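Below you'll find a set of structures to go through.
In the two assemblies presented below, subunit A is common to both, partnered first by subunit B and then by subunit C.
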Partner chain A sequence: MTAPLGKTAAAPAAVRISGARTVRAGRFSVRFRPRAVAAGLLALAAAAAFAVLCIGSGQYAMGFGRVLDALTGHGSPADTFIVRELRLPRACVALAVGAALGLAGAVFQAVVRNPLGSPDLLGFTSGSATGALVAIVYLGGSAGAVATGAAAGGIATGVLVYALAWRRGVHGFRLVLTGIGLTAALTGVNGYLLTRAQLTDAARAVLWQTGSLDGRGWDNVAPLAVAMAVVVPALLLGCGPALRMLEMGDDTASALGVRVERVRLALIGGAVVLTALAAAAAGPVAFVALTAPQLARRATRAPGPNLLPAMAVGAALLTASDWIAQRAFDDHPLPVGVVTGLLGGVYLVAMLAAERRAGRI
Partner chain B sequence: MRPAPTAASGVLLAAAVLLSLALGARHLSVGEVWAGLTDPNAAGYAVVHDMRLPRTLLGLLVGLALGVAGAVMQAVTRNPLADPGLLGINAGASAAAVSAMVFFDVRVFAGYVWFAFAGAAVVAVLVYAVGGGRSATPARLALAGAALNAALYSYVQAVMLIDPAALNAARFWGNGTLASADMGTVRKVAPFIAAGLLLALLLARPLNALALGDDAALALGARPVRTRAGAIVAVTLLCGAATAACGPLVFVGLIMPHAVRAVTGPDLRKVLPYCAILTPAALLMADVLGRLAARPSEIQVGIVCSVVGGALFLVLLRRVKAVAA
Partner chain C sequence: METTTAERTEAAVGHPSARLRGSDLTLAYDRRTIATGLDVAIPDRSFTVVVGPNACGKSTLLRALARLLPPARGGIVLDGRDLATYPAKQLARILGLLPQSSTAPDGITVADLVARGRYPHQGLLRQWSREDENVVAASMAATGVGDLADRPVDELSGGQRQRVWIAMVLAQETPLLLLDEPTTFLDLAYQIDVLDLCARLHREQDRTLVAVLHDLNQAARYATHLIAMRDGRIVAEGPPADIVTADLVGDVFGLRCRVIADPETGTPLVIPAAPSRE
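Up next is the complex of A and B:
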């Protein structure tokens, strides 16, 4: 029974190692955990369902079935127009931004090895806000200028944090503290820019800073989608395996053959680009990047950064929050950032309870 | 306190007070400042006595409060990076005060200061707990503070979106400013800050013992639980009152205790009095800088603090090796 595994070994053999299964087909093998796959698929289904619900809600309300009919081309012309031209782009922005933030958060939390290490706490979204505010207050603030400003501000802040934290390599804790210091300084700058603005501009800037999906269209989702097409495969396939080892500490990872600094730079760079472009598309939506990876980890019960499930959970979180934001007060839709901000509060309290159970406080 | 450093600190404080009274949209000479303080008929009376004097006094009180609160927090958390602004305590006070203004229509200081105390106290306990209690590392505590700051910030923004009038008031007050000071506010805030200062000074000796670890502190006759509770009360009084008076200020309570410790060493019985003298001087200098940087308009002191303080914080990070996770 020692026949070599070749293309003739058609029947996939399932091998069980510590809750993980391996499926082999010829030279290729995939190792997966059934629970993680199920959790990821469930989150994906939830994201799709909430996206459909979002498309159906609004002044011209439609049921679940009618939206699906319109999406598949079987609806009335009016329904099809409203769904495909007006509301589908917004739902796509929500899905893409949620997925991008979920992935960026998972990468950051793994790199700094802390469940609170997410890009919105480390200055990148504050930098995006600074860029957008400059565009609104000083440059007239067309939608394109605001998006460009946000992307440029976020990426510039990423470069600055990395450079300032560098000291014969970038360690997680130094990155965290540098980011927090810079966030506080940028918050001051943002506050100053707000006081320079006319009241109407200030209201617009505050709305932007909260994170909102109102009036988002295909031109908002395009840059993010292009970036994700490049960055997501690079992060998942290029850095994913190294990231798992990085979580065990720099020394262990480098003993296992990981070029620690190079991988870390690539990881941080990819995550910063995702965060900045997500902010350019929908504003700095708070706490999705912080909570999505944690929820994903709890749902899959798998070790490691859980990058793919985190993306799915991020998309589900953002679409669900948007649905709640639209439905909470009938006459007064909230920006989605208000709902995710409250979510962050709930998450912190849950963390508190977990710490208490662990007996640390 | 040794005479030479005490005299130097006193001179610095006096210089800061004089600059704060003399400089601004209209610069005044020392003689004009004196006339403006004492002679109701002098040309500068309205500027110096009615505007710059309350502003300077408020700056003194708030600086004292934040410096002492920062030093106490750094001692009780045994964490060199603790700061009432960075750990979200000022944000908690300001979120509670904004709620009072918008939802309960409390527009007077004597009303919303109590909300600010409640907010500061809740966040002080929360950040200590989320940050991991006694097993907290500097990075962890700072992250817990950043997360609370972010949550409170999005809450304040949501409130501002609902109520445009609050947006207009809070976008100035929310940055931290001394410009709206009047003698009424100074008189109302002073007792709270005095009480907080007194409590902090009484805690100096037990907090010194706590620095050796709880077991050693117990052996020395200190009571760790009671001391920590007292420290939280003191920090709440100081930060709540300071934030209610002039909005949230960040980094003031972080940088100054470091500067002071570099001279005095770690003994809180020396650190606290020097912080109480030198932090007000630094805050007044920051305020003067904000007035000079954008004449004839001005930049709020909170913004100067966060930008200058942020730069100093980054320098500090590179110097302090002990912040290793």
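Up next is the complex of A and C:
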């Protein structure tokens, strides 16, 4: 038998992992990083604050306190109606879509081991757009049909990318290349669908493709919320620890006891469902899935996929963007996708410039 | 020096104690067959080194032993049980592997990386026990990286980094440890450093080590059991002093040479013949 390393007489002083703390109780132990917890809570607070600001924005403007009163049941009947029935659903869509995209982005970036591995790049968003366009152009385009089309299109694209990239397992790089190829093809299909559309339908399709929260209600929140209730715990608890091992390469993860292909399929499947249902709820909101995980990582300074912080940052990004979108031009609210696209694009370019200055690219 | 298949099978299956053994293995990637009818047994508590020319199947064999490549035919048995039937984490507590290349996550510190070797011992509610902590500390001490605990892995030299990866597989606490070309990409001094470390771990910690190496002289110096392969077959195996001869080297590597005693250790040392001047 192997001499157990931990029980040798001359065991050196216990090692500490810098930045991490442990809480132990009997046989149980939980390790966490205070800085990551703080960053996550801060992002969550920001998301909640921007959600309240968004609820207070619009033609019937309300201050922070009035919104809180209405939310907690202490407001006037008119305030309460407007807050709870008209504006809260939209804020919930923003929070849920942001969180879902943040998590999906963090999962994809870790699975393909590439910081650019976001669902936008891997083709799922284009697939959702194709599904929504088909619903708008050929199927009458009721809100339900568009949402269903977007969800179905995104999930179908996910299945297709996985199947096309599979060869004795899917490798990150092959997944990215397959996704880029499919995105190009789907962009062509989407362009074709637009040219087939009536003018009003085309305008609606373009607005949808931008990603927007206008007119979103509880029926937009419900499917995403139900899916998140299942998928988020499965990803965080079921696959999270294995995902950290996957970052070190398939062989290492496998040698450490990870069923690599099974875990990766579960991760991709869960992230595709989140992305597709987020697109069904708000359209393909650009760049949140790409930016949120990277901002989260910078804030926590913790190695690894940072799944929970990425979720919180995603929610904060989307609510903040929606607030800016509503406030930017007084009488002309923008679709939220315009703001996330601008912010995300600027962030990406700034990051690349910083990396270049640092000599890393 | 060539042994017949029957003799080899007997030799392989005949090791008195070999927890890890494979019989009648066919190893293949897609349709490219690397080896057929391969029998192998890893003697317990040995430092087994597998050598052979490029593409002889030595790394493929190691991958099969680590369950990274399921054999197309034949079976590998660990402790009397088919390797394929082990639950992943249970296997990872018996059999460790240092692959040829691994990626250190961005910005990870040495202690954090070594701690990841504890994964097969951990669970959702057992994330970092005292034992984890002690084993990680001991692994870092055994590999001499204790002082680097808080350093980011990407800032280390190649040799230091390899020590850190070895510390990570040590922290896995497996009685069997497979190393796929642990010295490749290292400068000569670091190669010796890593091999000395392996030999010491083998001696002091009572583990069975299996390494694939490129350099026959290094293999002959450090191995207690040598397996020489060519074209997907095991040509010879045994203690280096018994099997490393000029004939074997000619057979396996197609190299004319003399074999003398290593002046440092007395183990066989291969001196390639100079091209004749005529």
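Heads up, the rule we're going with is that the second predicted complex is superposed on the first by the 341 of 361 C-alpha atoms of A that agree within 3 Å, B and C clash if a C-alpha of one lies under 4 Å from a C-alpha of the other, contacts with A are read in each partner's own complex, and residues count from 1 in each chain.
What we mean here is this: contacts are C-beta pairs under 8 Å (C-beta built on N, C-alpha and C of every residue); 3 or more make two chains touch, one makes a residue touch a chain.
The structure displayed is predicted, hence computed values, not measured ones.
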Partner chain in contact with A:G191 - subunit B first, subunit C second, else both or neither: first
Partner chain in contact with A:F287 - subunit B first, subunit C second, else both or neither: first
First, second, both or neither for A:R168, with subunit B first and subunit C second: second
Touched partner set for A:V30, first subunit B, second subunit C, both or neither: second
Partner chain(s) touched by A:V226 [first = subunit B, second = subunit C, both, neither]: neither
Partner chain(s) touched by A:Q209 [first = subunit B, second = subunit C, both, neither]: first
First (subunit B), second (subunit C), both or neither touched by A:E247: second
Residue numbers on subunit A that touch subunit B, as the complex places them: 114, 116-117, 120-121, 164, 167, 171-174, 176-178, 180-189, 191-192, 194-195, 199, 202-203, 206-207, 209-210, 286-287, 290, 334-335, 337-338, 340-342, 344-345, 348, 351-352, 355-356, 360-361
Subunit C residues within the subunit A interface of the complex: 29-30, 66-68, 88-93, 95-109, 111-112, 114-117, 119-120, 122, 124-142, 146, 149-150, 169-175, 205-207
Subunit B to subunit A touching residues, read off their complex: 81, 85-86, 126, 128-130, 132-135, 137-140, 142-148, 150-151, 153-155, 157-158, 160-161, 164, 167-168, 171-172, 174-175, 250-251, 299-300, 302-307, 309-311, 313-314, 317-318, 323-325
Footprint of subunit C on subunit A - complex, ascending: 1-8, 11-18, 20, 22, 24, 27-31, 113, 168, 237, 241, 244-245, 247-249, 251-252, 254-259, 301, 303-304
